[in-house]
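Have a look at the structure that comes next, please.
As written, the chains take the letters A, B, C and D, and residue 1 is the first residue of each chain.
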Amino acid sequence: MPELDALKAEAKRLLDEGIVEMVIGFKAGDTPLHPQPAFFKTSEEIDQLVYNALCQNNLATYLTRFPKTQKIGMLVRGCENRSVNALVFEGQHPRENLYLIGIPCEGIIDWRKIIEKTGEEVISVFEQSDNKILVESKSGSFTLEKTTLLHESCARCIHPNPISADIVIGELLPEGDPALAREQVAAFTDLSLQERHAWFRQEAERCIRCYACREACPMCYCEECFVDHVSPRWTESGTTPAGMQGWHIVRAFHQTGRCTSCGACERACPMDIKMTYLTEKLNQDMRQKYNFEVGLDTETPPPFSTITLDDKSRFIV
Amino acid sequence: MSNEAHSPYLPIPMHVLHAYYESNDHSLKTLELSFDDPQDAREFFAAYNPGQFCLLSVIGKGESALGIASAAWEGDFVRFTVQKMGSVTTALHELKPGDPIGIRGPLGNGFPLEDWKGKNLVIIGGGCAFSTLYALTKHLHHPSNRGDYGKMTVIYGTRTSGLCMYKQDIAAWHQREDMEVHQAIDVPEQDWLHHVGYVPDVVREVQPSPVNSVAVVCGPPIMTKFTLPALVELGFTPETIFTSLEKRMKCGVGKCGRCNLGPKYICKDGPVFSLAELNNLPADL
Amino acid sequence: MSETPKLVLFQCQWCLFSPADQEWVDNQLPANIHLIKVPCTGRINPLYLLNAVQGGADGIMISGCLPEQCHFKTGNIGARRQLEEFSDYLNYIGYEQERVRFLWLDLQDRGIIQKELAAFEAQLEALGPAHNLATRTVKSAGGANA
Amino acid sequence: MNLILKKDQLNHQLNAWRQDYEVYAPQSLQNYTHFLPLQDGFELALDKAHNTRIPPKALFLPTSEALLKFTRVGGYEQVPTETTPRLIFGIRPCDAHAMTMLDTVFEQERYTDPHWQARRDATLLVGLGCHEPCQTGFCTTVGSGPFNHAGLDAILTDLGDIFLVETLTEKGESLFSQLETATEEQSAQASVLQQAAAASMPIAFETEGLKEKLDQNFDSPYWEEISRSCLSCGVCTFLCPTCFCFDIVDEAQRGERVRNWDTCMFRTYSLEASGHNPRPSRVERTRQRLSHKYTYWVDQINQIGCTGCGRCVRYCPVGLDIRAMLRKANQLPSEVAHV
């Protein structure tokens, strides 16, 4: 966990020296479980900056809202850094207008896992340095092990360190084990077709089509999403099985070679729908087939924008 | 099932009687629709007041809100002029005589004709939004209505002469003794005998008297925005200026929330509002 | 429900070099095969495949040109990557991979598409109708939340 | 009249009702609770969470529902309304209160929504008061309460081994006609508990003068400040018991005209075919959402269009809190000339 004071000092410096016009970070939320993304424009405002394991949003999602000429500072963890890189590659913001304050990330806590153990009425959450989380709730005090609370996509994170930040605050962490990332997909692939489908169906069909997953995703920045398209209407508009499945199929597929496995979609979902098993599968394929990892730099085009004759393809007659 | 006949979402079955292009660039098409069931026609015309609108259904495509462009006395048909814009209006443009279609309506409040009795009317329209004003003018032309109102002044502006709707009728209006007609186009054209300029400027030029008058303005938002101050300059009070609002609509009956404007629903409480009422509503347009 | 599989054929308009084959595809395709002609396989958006699946297709065939023979130089190569990944992905969630077949045709090929379609149809018949992913064609109630 | 329903008799009672009604009660679905029809061997989740994740408005205005069925080319017919008798057991007072507000939208003199009305007419609401009100809720602030009676046919108070049943309508009375009458002591105990529950809830923001402030500050930078981190997703509105906006869409392939939940938070909601959008950014959309609840509803029915259920607070993906927004609104200047 980085020193909050060091983060604040760097953010203040950026604003004071006019290096950036705004720093995107977090501030304390109105409920202890939900810190809010915040946009700091003066160094006085930086006093409100907080950073803890409950900061669950991928801040890169806000990047596409601002003019490309605006100089923006941003707190980035491993996944956010790679999202920013992918956005820079897609021409959404020039890298030179960004100043990334890197934070090696020990993982985001899933607040749902906290309330599972403490009940919904959480009064305060305190993060100790020894990986223990102290939670005060209406039903009592709890000491929880941080590793048991991590969000799933964080538990299997490969790149916790910001890889191309302008400054890194905090100790670099060891890289994650790629085998962990493979496990989820492997476990799913091992199921029979019918079992896989049953799982997909059960998850997709709880959807209420609020599109929180889309809005929370840094890579979903299209002016007009395919589901909003009227003519032709690519999939059903409502919460019918076809509509919900169509949405989840294509939302994930549009992230192929663009998803950084940050899991923001899943964390945003009000219906607790699992989604990363879809994007992880596609990420996995991109790694295995094309040796491509999203956002490692700002130059390598993703596989779907690359053309090569050397693919090992099935069905070539 | 009898109590279900009144669903406000169920369109009245109709078919296309006539369909013809209204403008030379084929962007505007007029549809005249007749009722499949005479009972529906009776109910429709009993409720109809100029200024109201209907939702036209192209089954499988969706619905589009359009102002009614005919007066009740014209016959058992309802006229609409459709501007090709989105997918539904494109489908409406493809309709041919005899094709089935559904409409829901008449919806909205329409013009407060009762309150206007005994007054001079200044009718100002621009572009295809003139359709409801055309219906209003037609309605007032009927001998049994004309006597209830004073002087009639119509100001109608379009971008080009080719985009002018209802050309034959308007040509005839110029000959009428009981009304004054001013037509305008935005840029000069050969053989154009009327005004050239934007509607607000034409209003200033024509200078309709505010004495015992009401003004009604229907046009694209930008035209309305600049015409209302012109009328205020001439001495019209906010209570005597009326306009018809447009917003995206779906249900047309004040349920779906889309056309919500402050405490009002444009579909149910409007679309016709006086400037005095508008001044009390949020500027969410 | 009929046992004849419903099939969608996405055909690149350049891939059939023989006029006879093209004539057959254009005019004599069996009724259970829905033809969608595209200017190049590169024009096929994965959404088209989704539409075919949700439209109730039991199988999808994509016929295009061999690498280096694309009329537009590289359309087929981009398509191959995307569409293959998409079919693989559909398989992951319950639409069997065997239901999507690619046919890359050579300039010299004659009479192949008929054979391939027949073989594909036989394969689909063996698989039975696709029933996993929801379709848009039947009336369906809302989801778990309805 | 106050009656006693013993907790060990509850399942028996519910099963008895199942003879005449389709009985809905909160049950676990994945990690949350949801109103589902009771099946044999059901397990209630009454104490699990205070509120079901999806508000029970969905039982009256489903997320998607067909309005018309297309019969042949250009033909159509109305989808029949649903009149199955239903009983919703365990609805919380905030959600039931919201029903009465939605009635003012869907059951109007001039246009009544037949689908809503049929379902409402066929459904009884048996509420369960909140003796331990939730932290995110603020019902007492907005004129509702943990034991509010609005919209309910009967309300239950948890007294340990028993529920005290207060019947509020004739229908509610007939539902519980078999039960024994509560003693005065029990009634008094319940009343103490009810008052304590309401008293335990802090006032989240000042509602006095709030409407005027929001009205008068239509063009204030306040709206930009509170909407800055908003994602413009539909979580707050879809999970809101009083939000009712819907979209009407023709599903040509399926041959139906359907209505789907929609929300003013979506960009496409107000986008017109011409490309003009009256509410182009999150600022205007947030303003619409808040103003609709806290000023437009007040104009229309003289009630705040929010029952303080707290769902939007709990599930906002970026931790936005309507209570904090309105506390901030309390600080706005008043009597600025409305432009």
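Operating definition for what follows: a residue touches a chain if its C-beta (ideal position, glycine included) is under 8 Å from a C-beta of that chain, and two chains touch if they have at least 3 such contacts.
Keep in mind it's a predicted model, so treat the numbers as computed, not measured.
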- Note on the structure: Of A-B and C-D, the pair joined by more C-beta contact pairs is C-D
- Would you kindly tell me how far, in whole Å, the mean C-alpha position of subunit B lies from that of subunit A? 50
- Message: Need the CA-centroid distance for the pair subunit C / subunit D, whole Å please.
- Response: 46
- Rounded Å distance, subunit B centre to subunit D centre (Cα mean): 38
- Got the subunit B residues that touch at least 2 other chains? 62, 86
- Residues of subunit A that touch at least two other chains are 206, 208, 236, 238-240, 271
- Item | subunit C: positions in contact with at least two other chains | 136, 140, 142-146
- Query: Considering every pair of chains, which are in touch?
  - Reply: A-B, A-C, A-D, B-D, C-D
- Item | Complex interface listing, subunit D residues touching subunit B | 67-68, 70, 73-76, 78, 80-81, 105-106, 108, 110-114, 218, 244-250, 252, 255, 257, 259, 262, 264, 269-274, 276, 278-279, 284, 288, 291-292, 295-296, 299-300, 339
- Item | In the complex with subunit C, residue positions of subunit A that touch it | 188-189, 193-194, 196-197, 200-202, 205-208, 226, 232, 234-236, 238-242, 244-246, 249-250, 252-253, 256, 271, 278, 281-282, 285, 303-304, 306-309, 311, 313-317
- Note on the structure: Listed in rising order, subunit B residues that touch subunit D in their complex are 1, 3-4, 6-11, 13, 57, 59-63, 85-86, 89, 99-102, 221, 246-248, 250-251, 253-258, 260, 262-263, 268, 282-285
- Quick one: in the complex, what on subunit A touches subunit B? 230-231
- Give every residue of subunit A touching subunit D within the complex, in rising order. 29-31, 33-39, 56-57, 61-62, 112, 116, 120-123, 138, 206, 208-212, 214-216, 224, 228, 233, 236-240, 243, 267-268, 270-272
